[in-house]
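Below, chain A partners chain B and then partners chain C, in two separate complexes.
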Partner chain A sequence: MSRYLRLLRIFTGATLSAQLEYRANFVGALLASLGEVGVALLGLGIVFGQPGISSVGGWSFREALLVTGFFMLTEGVISVFIQPNMSKIADAIRTGSMDFTLLKPIDAQFGVSTRHLNVLRAPDLLIGLGLIAYAASGLSVTPGGVLGAALLYVSAVVIVYCIWLALSTTAFWFVKTQNVAELFNGVFGAARFPVSAFPLPVRAFLTFVVPVAFITTVPAQAMTGELAWGAALASPVVAAALFVVTRLFWLRAVGSYTSASS
Partner chain B sequence: MTTSPPDPAVHVRDLRKAYAVHEKEPGFMGSLRSFVSRKTRQVEAVRGVSFDLHPGEVVGFLGPNGAGKTTTLKMLSGLLHPSGGEARVAGFEPRRREAAFLRQITLVMGQKQQLIWDLPALDSFLVNQAIYEIPDDQYRATMREFTDVLGLDGILKKQVRKLSLGERMKCELAAALLHRPKVLFLDEPTIGLDVNMQESVRAFVRDYNERHGATVILTSHYMADVTALARRILVIDQGALVFDGDLGSLAGQAGAGKTIRLQLRSPVTAQALAGYGQDVSVDGLSAQLRVPRAEVSERAARLLADLDVADLTVEDPSIEAIMADLFGHRTPPALERA
Partner chain C sequence: MSRLNTARVLFATRFAEMAEYRAEVVIWMLSGTLSLVMMLVWMAQAQAAPGGQIRGYDAAGFATYFLSTWLVSQLLVVWVAWELDFEIRQGTLSAKLLRPLDPMWTHYASHVAERLVRLVPMLVLVTAFALLSGARFTTEWWAYPAALGLAALGFTARFLYEYAIGLLAFWTESSTSFQELAWLVYAALGGMFAPLDFYPAWVQAVAVWTPFPYMLGLPAQLLAGKAGPEDALRGALVMLGWLVVFWFLRLAVWRAGLKKYGAVGA
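Now for the complex of A and B:
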């Protein structure tokens, strides 16, 4: 365990130094972060700007803003920690550099999941946390609610990671899979709004098929104390189940690796 | 193979690998058809290869492109699962890719790189040090040794993207051998390098083999790589092992002579050269012909005396030429042991 922590530190150092090589990139990334938050707020503004609308799907403006905050935070987690690694899986398979990863005496899933960080998108994390704090400041939030939300958000991150890994792992068979990232982003865009804002069939889809509801709505509900116990337990169970399933899927994929020719 | 020790470093019996490949007709319509319904075909890349290597042995693994060399190396390193047969490397079954096994081997591929592109090679070395849990003192000793033999001074702190191909290959080798593996799979480690760089790569491999008693399997297109490093040669053709023996008997079997290249001052006809050797070809003022190995100096002397020669060079036949001589368009002969 301590060995893997040490590896994390080494990987992080290497990926950070590599990014410091390209300073101009930083400005672009900052603009992208601001663009993201602008779009998210604009969506909320349009909905709540309608005369006579004070709640959507039973969520007040502040509560909906809380969901948007979790959405931005998740965008940040994806851009900083998840996507930089996952998007390189298909590349590594196409160019054959996956060979080196698979021949290292460390767990290959750990290797492909932790080698890279996109520190340039770290502002997204701060923006997300800021939005959550701002939204919560206008609501009655208990310390227990914050703790619950934090724990459920850990499950949420695990769920997001598993979905990304499963989608990226398909590259072992299909090689080029950039479009699966778009697929995820398309569906995940729905997470900027509370699930109850959607019609029932869509809500069911976002809960049971692609568990987007667990990513933003559930932690927000926990924070406002509106979460039922059943739903609170479902999130870690879904996360654990997904983790096991994607692990098995990964192992299978690695077993059928064909290694691009020399 | 009478003195085979009980525990060979590499043990291969009837190793096989079949791939499903999909075929596509050329052109856009072909692509469209292939997108809708893929035709797949089973290709046997390796069909029933067997050999044993002693610890510390260096062998050259030869064969034309697509013969199955790389596929075999990938099976032995654990990247590919064999579709049949048996392989044991350093006492392990490669396909399981156990950590203890991976610590004892390395695979160097001349056309792929593991170094971090945007950082100096030293950063990649530190990552590998952590991955392989190399103690600091061992790391320092190994780095001293490699810096010495490979001449890494001054290139370790430059970003990898700024290194020349040769410098990068040296760093790739160092990164791949940092954990002092016992079994080395080297796939075209000198490809694309100039003669000096090829020589230093060879010197490094030889030195490592002697110092650490490592077993080495080497594939290369350059005759010099193989002659400099390996006493024993394995030749694979169309997925089957067709020769296993020493280099001399391979060249003898091939009957391949040397190639004499001429640069002439005045034109000659191919007929005029026919008396000096075989496979004569003339192109303007350049000409080349093949002569038997034993008669190289005598024929060269005659050419120099009889013709108006500006320059004359003698070359070893390329491995491809030997391969062509040996196995040209024939079906692979039965395994011969020298």
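Now for the complex of A and C:
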């Protein structure tokens, strides 16, 4: 365990020093972050800007903004921690450099999941937290609600990670799947809004098929104190189940890996 | 005659290349879901509203508008800024400069060829979405060629300004971020979040001076049966004006950039 913690520190240091070489890119990354939050806020702003609309799916503006905050935070988590690693899996398989990862005396899944960071997109995390804080300041939020939201958000991150890993792992068989994660982004776009803002069949899809509801709506509900116990329990259960399934899937994929030249 | 031959060969080779990427094309199509997400939100809002309508749109009306937007936006997809960013940074542009043809035409042929690959899955998806959501497209036959023509003008305009943005890679590493911001303006003023008349009056006043409502929102309204032939004609004239502007803009940035360009390692 302590060896893995030490490795995490080394990986972080290496990836940080590599990225700080290209400081000018920060301006570009900041523009991209602003574009991202612009899309999220415009969508919400136009809906609430119509005369006579004071709630979306039973959520007031502040409450819906809370969901948008969790959406931006998750965009940040994906851009900073998940995407930089997962996008390299397909390439490593195509070029055969996955060999080096598999030969190292550490768990390969740990290796491919933690080696890289994209600190340039860290503003997304701050924007997300800022939006959550601003939205919560106008609502009555209890410390228990914040704690519950934080815990449920951990399961949310695990769910996001598992979906990305599962999609990226398909590259072991199909090789050309650099873009497959885009499919998740397409569905994840719906997480800008609370799930109750969607028609009923879509709501079911976002809860049971692609569990997007657990990523932004459920933590926001925990914060406003409107979360049912069932959903609060379901989130960690779904996260744990997904983690086990993707772990098995990953092991199966690595077992069938034959390197690039063979 | 030889020009025609060049165009034919260029298009045939680009089509062969794009057909290789057909699985990716479908993935790209499904990843741009903003108008579909907004469609579902507005449909649920309309159903919950008193009278079942918001500003004259009922649930089926929203479905029609946003599916039309989705369809048109599929025809307006441009990714040339990413390719230029790569070519300029990696220096692979150098080899293309040796050809007696502006590299722009190769990219343009790629984009047009990709539309053909996109066509069949696009029609299948839009039919499925329309059946699921209850969208009803117009029965006026002239609206379809008119919308297609506007989309073709809009695509060419978008290609030219995205090309100019991509060429900023001669000066900065962040040209693709500018591209993302340009996309936001295009999506907002084009009407991907809501029909343009849902926006505050001052935004509408600004929007009519930009090309975006005519390339995305107008063809979508034509398909939905909410715009007439005179709107289409006016939109086409505005788009032609913008095409001239973007043509010279692109040319100016290209000439200035080439002076700045000293390929990697040179």
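Methods note: the second predicted complex is superposed on the first by the 261 of 262 C-alpha atoms of A that agree within 3 Å, B and C clash if a C-alpha of one lies under 4 Å from a C-alpha of the other, contacts with A are read in each partner's own complex, and residues count from 1 in each chain.
One rule holds in what follows: a contact is a pair of C-beta atoms (placed from the backbone, for glycine too) under 8 Å apart; a residue touches a chain by one contact, two chains touch by 3 or more.
No experiment lies behind these values; they were computed from the predicted model shown.
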**Touching partner for A:17 - first (chain B), second (chain C), both, neither** = first
**Request:** Applying the touch criterion given at the start, work out whether A:197 contacts chain B, chain C, both or neither, answering first, second, both or neither.
**Result:** second
**Message:** Once chain A of both complexes is superposed, is A:186 in touch with chain B (first), chain C (second), both, or neither?
**Reply:** second
**Item:** Touched partner set for A:130, first chain B, second chain C, both or neither
**Value:** neither
**Message:** With both structures fitted on chain A, tell me whether chain B or chain C touches more of chain A's residues.
**Reply:** C
**Message:** Tell me the contact category for A:43 with respect to chain B and chain C: first, second, both or neither.
**Reply:** second
**Request:** Give one of first, second, both or neither to describe whether A:225 is in contact with chain B, with chain C, with both, or with none.
**Result:** neither
**Message:** According to the stated criteria, A:53 is in contact with first (chain B), second (chain C), both, or neither; which is it?
**Reply:** second
**Asked** Who does A:35 touch here: chain B (first), chain C (second), both, or neither?
**Response** second
**Item:** chain B versus chain C as contact partner of A:27, first or second or both or neither
**Value:** second
**Item:** Footprint overlap on chain A, where chain B in one structure and chain C in the other make contact
**Value:** 22
**Prompt:** Which bits of chain B are touching chain A when the two form their complex?
**Reply:** 19, 70, 74, 77-81, 97, 99-100, 102-103, 105-107, 109-114, 116-119, 123-124, 126-127, 130-133, 159, 187-188
**Item:** Partner chain C, residues of chain A touching it in the complex
**Value:** 22, 24-25, 27-32, 34-35, 38-39, 42-43, 46-47, 49-50, 52-53, 56-57, 176, 179-180, 182-183, 185-187, 189-190, 192-193, 197-199, 202
**Asked** So in the complex, which bits of chain A are touching chain B?
**Response** 3, 6-7, 10-11, 14, 17-18, 21-22, 95-97, 99-100, 102-106, 255, 257-259, 261-262
**Prompt:** Inside the complex, what are the residues of chain C that reach chain A?
**Reply:** 23-24, 27-28, 30-34, 37-38, 40-45, 47, 49-50, 54-55, 172-178, 180-181, 183-184, 187-188, 193-194, 198-200
